[in-house]
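Labels run A, B, C and D following the written order; every chain starts at residue 1.
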Amino acid sequence: MDQKDVKIVNQDEPVVPRTNSEKEGISNRLKRIEGQVRGLQKMVEEDRYCVDVLVQISAVQAALDKVGYQMLERHAKMCVTNAVKEGNGDEYMDELMKVIKQYSK
Amino acid sequence: MDQKDVKIVNQDEPVVPRTNSEKEGISNRLKRIEGQVRGLQKMVEEDRYCVDVLVQISAVQAALDKVGYQMLERHAKMCVTNAVKEGNGDEYMDELMKVIKQYSK
Amino acid sequence: MDQKDVKIVNQDEPVVPRTNSEKEGISNRLKRIEGQVRGLQKMVEEDRYCVDVLVQISAVQAALDKVGYQMLERHAKMCVTNAVKEGNGDEYMDELMKVIKQYSK
Amino acid sequence: MDQKDVKIVNQDEPVVPRTNSEKEGISNRLKRIEGQVRGLQKMVEEDRYCVDVLVQISAVQAALDKVGYQMLERHAKMCVTNAVKEGNGDEYMDELMKVIKQYSK
């Protein structure tokens, strides 16, 4: 997925700013994912059986899906909803649908 | 995906050992992915716009898909094929189909 | 996906009614898909090679994905946007995210 | 998914022929799916709420996934395994991986 194929809105920050607790929640999840990716490297170095590695790759993907979905949901319910209420929601809704289309590929 | 739901074969290492060049290739990809996950953390700290982060999450997922597929293909063409030729392929084929089923969820 | 797990809004018809041309467009796509499914039955009766049938199943899935996405997009841009503008958008947005979560499974 | 991008083996019928009971099982599933697609047309004609239609589209997709997976599994465990045992399995295994790659798109 390329940014230029998805991004429509000229926006650098969330429309509704993330709270510190939200940021911390996402950071913690991402740190755990970083640890899982390092764990994958170790498995390959230790020559672990392919299916064991594949099961672990699938766990990392599930964790990434979860962060992605959480962020998407927050974006829709906060940023997009806000933009619609303020009368400039069309491009936000367009962009949301493009993100969703790309994720379903 | 839980290991106990997928793994059938009692195997700790690849049936056909990974060459050093194969291990290095996978390690390099995983290191790049680790870097991308750290990049995601930075984006969240810098309060970047949700869609920018989502596009980047989707790039990490595509990179993980690629490593996973590469490993799956190598496992099928080397380990599973080998096991079938040596007459004990049934449980390897069963296991391969379970991996594929779980990945398609 | 079960209706009871997804549907939140107490609504029997689209918030913004489908035009005749919209209905006709969807109906035509669905008729083509029905024809494709009948084609699959014929392939199985004629004992066609597994991979040929699998390629055709995947074509039907792509066609269904397209109708689904088209309907989802129209629902988001018309019905959900409308509901948000009229001040009762929260449950529509919740429901939209549930649909999206279920589709990504 | 295009046939020319996936099919490698020059084969018109399953390597291991489908039994009558297998054919009947697949046909029955496909007939039910055909009925579900007709049900979708009726929902659109009756102007049913978008989310109700989307839930039903997702049910059809799940049913198609099931037939596809069933056929893929049977192909792998019967046709591909057989070909490997008879010493010409490489192109069958190549083709299987292409099918899987395309399905995961």
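We take it that a residue touches a chain if its C-beta (ideal position, glycine included) is under 8 Å from a C-beta of that chain, and two chains touch if they have at least 3 such contacts.
All figures in this text were calculated on a predicted structure; none of them were measured in a lab.
By the document's definition of touch, chain A and chain B have no common neighbour. In terms of their C-alpha centroids, the spacing between chain A and chain C amounts to 24 Å.
Annotation: 31 Å between the Cα-based centres of chain B and chain C. Per-chain Cα centroids separate chain C from chain D by 19 Å. Multi-chain contact residues of chain C, defined as those touching 2 or more other chains: 65, 72, 103.
Taken as a graph of touching chains, this assembly forms a single closed ring in which every chain touches exactly two others. In summary, the structure contains touching chain pairs A-B, A-C, B-D, C-D. Residues 65, 69, 72-73, 76-77, 80-81, 84-85, 89-90, 93-94, 96-97, 100-101, 103-104 of chain D are the ones touching chain B in the complex. Chain A meets chain B in the complex at residues 1-3, 6-7, 9, 11-14, 17-18, 23, 26-27, 30-31, 33-34, 37-38, 40-41, 44-45, 47-55, 57-62, 64-65, 67-68, 71-72, 74-75, 79, 95, 99, 102-103.
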